[in-house]
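Below is one structure. I have some questions about it.
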């Protein structure tokens, strides 16, 4: 390996492609056993959500009033619910609802939270104070009460539930991004690009945001889990998803009256919620180690 | 012709318990093609000056004349264009490169920001050329900062700095974080670039031997003020200010055949917040008299091109 | 300053003291120590918290129950809904609008005052200026009251009204002590004074209402010393609490727990016919339901048989309903027959009425397990005849507003005959003048039915009233504004050693004769 | 330190004001009319109109808001529409119960979380580490209303150790507190574990070992105290979660807490109760956060010196 | 060197780290020894294995990633690697103690300075709490800090003062061997001078032998008696200060001297050592320095050179090492290319 500048002009200019660090992150993620378990459960649930039509043996809404609340049997793997509908099919279709609620609610919180967070973190000053006081106020009201009042104001139904859960998650995202933006703003590579004459917007988009994606992704993964839980709680109070759409929280809620007579009505939706949230938590932890900042140096 | 002239530069930071005098009335000038070494211990304000002269920080007071124009008066747009002429290299190779961008992107950034090239091929060619000039193998274009060692990361920093063909460069402790063998390679590279592109350097460091090696003129700073400025030979041969003398004697020298008189300073550097009048070094100075405690000694030209800020310069017991 | 050594243990202790310590007060109410239930205290688990203890405040079933034990009305229903004398020994009807009541002597209020006709007058008069209770005395002439002496009380109705005696038994007309109300004013709602067998002790909002035996009650004294009505909204928790011995009586037990409570040796279950009927109502003022044939078609399209089996566990929880008048009331038209399940006929009728390929209708309901299941079954069954039932659950506040304003297409409800009078019930369900009130859901306006109802209302002769009731129910059956689902049984779970509990159809249960048998 | 506390209390006022605005606006835009709910059976149109007038529900937004705030300043939280009892009395009855429950839940989650966090950090990548973390996360993943019902079945019915519902003795608080506590034990355990792992890698731990200190003293005396600092802030946040968690747990275990009252109040459009309840919850959260900060300064001398 | 007065002797110590990207060969059969009362300078750049070596002596290397392949560390004849943890604890702090590089993080921020020194004393001497606190006060005085500052917390001290506290703590039990891992690298020049003076004084006062790890040859010149130059996990040159400064033979040692700007000669061209730092996870074959050596030949690439004793006590690990019977300075050795 000679170190003097290689004089020979290299024949083929190395193809300039942006080789992502994905390979590195994926390698570290794969080594974490728990995270892989979480990933598998997550993939199963996503496949349920995407291919519900093929996986579910029965139509989730089709009733069979002759044999209601059957315990698990060969035709109905997980048994039938209080109207004779196949529980397994309802859980499969239910995953579609829960995943959508999780993803879109977190999406709302992610976008709104990051926008506010970046403004506060980068510019500071009165704007930062005002927004942060607003965030403090939202944080001082427990999430579930916030959800209930928003749903009460907007009305029940999938769309409003998503908006409610989204709004109540905004403060958490805003705080995380504000913290990482404030620390990044002082970094020398930001000063370097400022010295090169870059405008603020350029610096935020090219340097600040890519570098605070890691904590965001971790929080997003965990928040999907907690959003599913919040949606189930809303259904439990009767403000959640409109029947007959199969949603795990609603199934758990209606099933609770038959807890003693037909426990399987609550056990399986409950386990489904638990599996989804558990998977999200495990993946969140796995990502936390994989995206660890010490990856930088 | 004076490329850069700074008059009575001041920079104060508001802190919880008072005003921190980081830079307290510094005046200096750098001729074109010259390297001015700025040396001093941590907390003396040398890095702040480095950022003030290229207006990365807004000065509290004082003028910064670059090629005759006062940078403080320029509006945002004019300042952005002036940025091409002046660049900065940082100390910590790990923090000065964006971990999410590869080498190619990091070097290309200044060119993209100033929209120098419209055609992509042109941009690529120039970047490979720059990489060659700083001694980086072309295959490293795709690698990420965490895959490179300290020396190579600093070379990327240098390539980025010279991308816009600047005239003036601030080097803020460029080699302090590197191992000795790599340090020498970078210093040679900087000297070679200075000759090749007729660059003017403001070289900031706490390492006296490195400063002596690379600078034409040297300025010694203590607690926000310049205490001694002269050409590199005079400062080391005939230091006049007591702090410079103590500083020189404190540096451990890798030679056992040289005997030197040991001056050990007592106590610690005083706090720069709400400093008292009089000479800042009075508390730790061997020759301290009453006048030193009350009157701040101005920077006076004692002998040809040798300035000292002390009431009793050159005093030797 | 002596530096306090901060070891880990004391750190945790500080957190615990700091946080745990701030809850010293409150929470310690409720009758006596809960460790071992004192056998002369009865703990009743009820499902809803009454809005207030002033008889003029709104009437939830649990409120009516408690009122019946701390107040008395002039007359009251017995368990066969027959009118019996109570505070009034007897009454005579002087003419077709005036009634004269002879009060019992020596009756004591809880505050020691003696019952006088002035108290009765006061109890009636105060209803006129309370919006929630005004409806109860709309038929009674506000200035037709007279108190010839301390123990006789005369009132006049605005027009001849056969149901007056039934109205007197209404829990709104419980007699309160004039002195107590004037003194307490607003606070009367929180500490009532009546003449009933039990007197009020305390009310911890959201937790429990405690009453204790009134020693000098005019009738024979209650057997129990105190009753603690605990509020447990969650049905499952209530039953678990009963089975684990935490409470003695659990009201409103769900259908699914009936069998288990019966089989369990430590508990048993009493079922009785509630004065209510579970039904689905079409809003006849809406254009699509104006046509009788559409309503009949949907009756044919509904398989009530199977719905009842699913909802009430094959007849364990309810009785089939063929008319809106409940079994224990007189004048029930027994020869009406339920619309049988005939989807083809339904389609034909729909086509005939101009809806060959069906239509879409919105179903407003309070989202609880029963309404949801009922809605989903109807949705499936009506889909077969091309009618799309859109589920539109509303929470309690918005639902009440929508139904009272008549904005709904279809809804389900469980209405009760609070007055225990057939004609009054039918009148409040179907008379066109009652649109906008809380019991009129069908918004039916049929002049023939209105005329019969008006006539029956003033008819004094008992058999004539029953004859009219028969005719009205037949006409209503033809109009089919409702789908009769079931007469629900009201299920009460109790521990095996609780004796003497006789439930009342209008849920005004009498706890004075309840006692706990020694094992 | 006192100066800092006063400043923090002053800072609470704008937050409280903000809470009143948000809650009032939220209630204002919610459809459904309280007058109708109160009248319920007797809700004839004229009766409703008359009651609305009496309750001043027809006044414009600003008038009602300023009336609400001025009453608030006089310490009058308004009267509960349903029962007619002053909201303040209702809060006095229900609030201590929820606070006691939340405090016990925080104690449960803290002890559980700290224990699991420390042990799994000390024995990193061991079987215990994985099992403890998996269990903790399981507690967090389980919907707490379902968990409550199952615990009630197990402990009240089948084992008969604990009463199923009600709130008159300490025994009543165990089940609900455990239900609420397990969900945040996972977060505290994870936080303790990662902060312990970070601290164990610090130089002063090697210094302690180089002094010849025995390993468990190194962990407890040197590592734990430093690791606890970030955990204390988490405990403050958990208290907010517990108040939220109380809402469902209270309805399951029939506890007369502020959570359940709030849910019913929102559904019944009982505006004064909702406004009063949210204010009280927000106030208690801010106070708890302040207490946590003071505790924080007490543990970490670097911060204590800033406030002197 | 005669056997008996050797305080510490390391014999072909090999330590590797098992990491995710493969095994890192941090130390490769290293041989080193320290005599009683002497100061050994351990010089080398990043990744040379200096810290790994001294942490292995103290046995405070975290075991999961690190594996001690083979080798012995004889302390007064007893092999430290065979000792149990309990035995090691009685040696750490009392017989051998250690100072770390960054004063900012080597003191526990939540305990007072006095407590931390008292802890060291109480571990190894049977004294009650009050006496231990008094002794701690004495130690502070000896390192030039007023006794009443014992109740202050670390964040109330400057960098230099903190390093003095660390030194006080290390010398509290009068150890026979003090290991200092780059003690002054994080300090400013004038403060560094103060601390070096203090260490020189205490070394004599407590008659402790010392291992000073540094990459700054200036510090070695000021404080060390013997010098060992380390490169890629092994000692490439060992000798007295005069041997290494005046009669260095190994190309790496000479390269170190030529690439440091010298303040006392007017202008000297810097001759850098070309190439990159060795990657410990895949070290070059043969002589590990051949990739950067100007004098390398085929033999250097394939074979590992053996250690040559060029003069008494002066060892060089290089094929071109020439035994010198007479000491001469500044001999530029002509090397066949």
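We just call them A, B, C, D and E in the order they show up, numbering each chain from 1.
Going forward, contacts are C-beta pairs under 8 Å (C-beta built on N, C-alpha and C of every residue); 3 or more make two chains touch, one makes a residue touch a chain.
Quick caveat: nothing in here was measured; it's all calculated off a predicted structure.
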Going by the contact definition up top, give me the pair of chains with the most C-beta pairs touching.
-> C-D
Chain whose average C-alpha position is farthest from chain A's own = E
How many angstrom lie between the CA centroids of chain C and chain D, rounded to a whole number?
-> 37
Chain A and chain D have mean C-alpha positions lying a whole-number Å distance apart equal to 23
Centre-to-centre distance between chain C and chain A (centres being mean Cα positions), rounded to whole Å | 46
Could you put a whole-Å number on the gap between the CA centroids of chain B and chain C?
-> 87
Two or more other chains are touched by the chain B residues none
Touching two or more other chains - residue numbers and ranges from chain C | 236, 395
If you look at chain D, which of its residues touch at least two other chains?
-> 31-32, 149, 153, 225, 251, 267, 299
Where on chain B is chain E touching in the complex?
-> 41-42, 149, 151-152, 179-185, 187-188, 206, 208-210, 212-214, 233, 236, 246-258, 262, 264-265, 268-269
Footprint of chain E on chain D - complex, ascending | 202-204, 206-215, 221-222, 225-226, 229, 299-302, 305
Interface residues, chain A side, partner chain C - complex = 61-63, 65-66, 68, 82-84, 152, 156, 238-239, 242-244, 253-254, 256-262
In the complex, the residues of chain E that touch chain D are 55, 58, 60, 85, 88-94, 97-98, 100-102, 105-111, 119-120, 123-124, 153, 155-156, 166, 169-170
Chain B-facing residues of chain E, complex | 45-46, 158, 160-161, 188-194, 196-197, 215-222, 241-242, 245-246, 255-257, 259-264, 266-268, 270-274, 276-277, 292
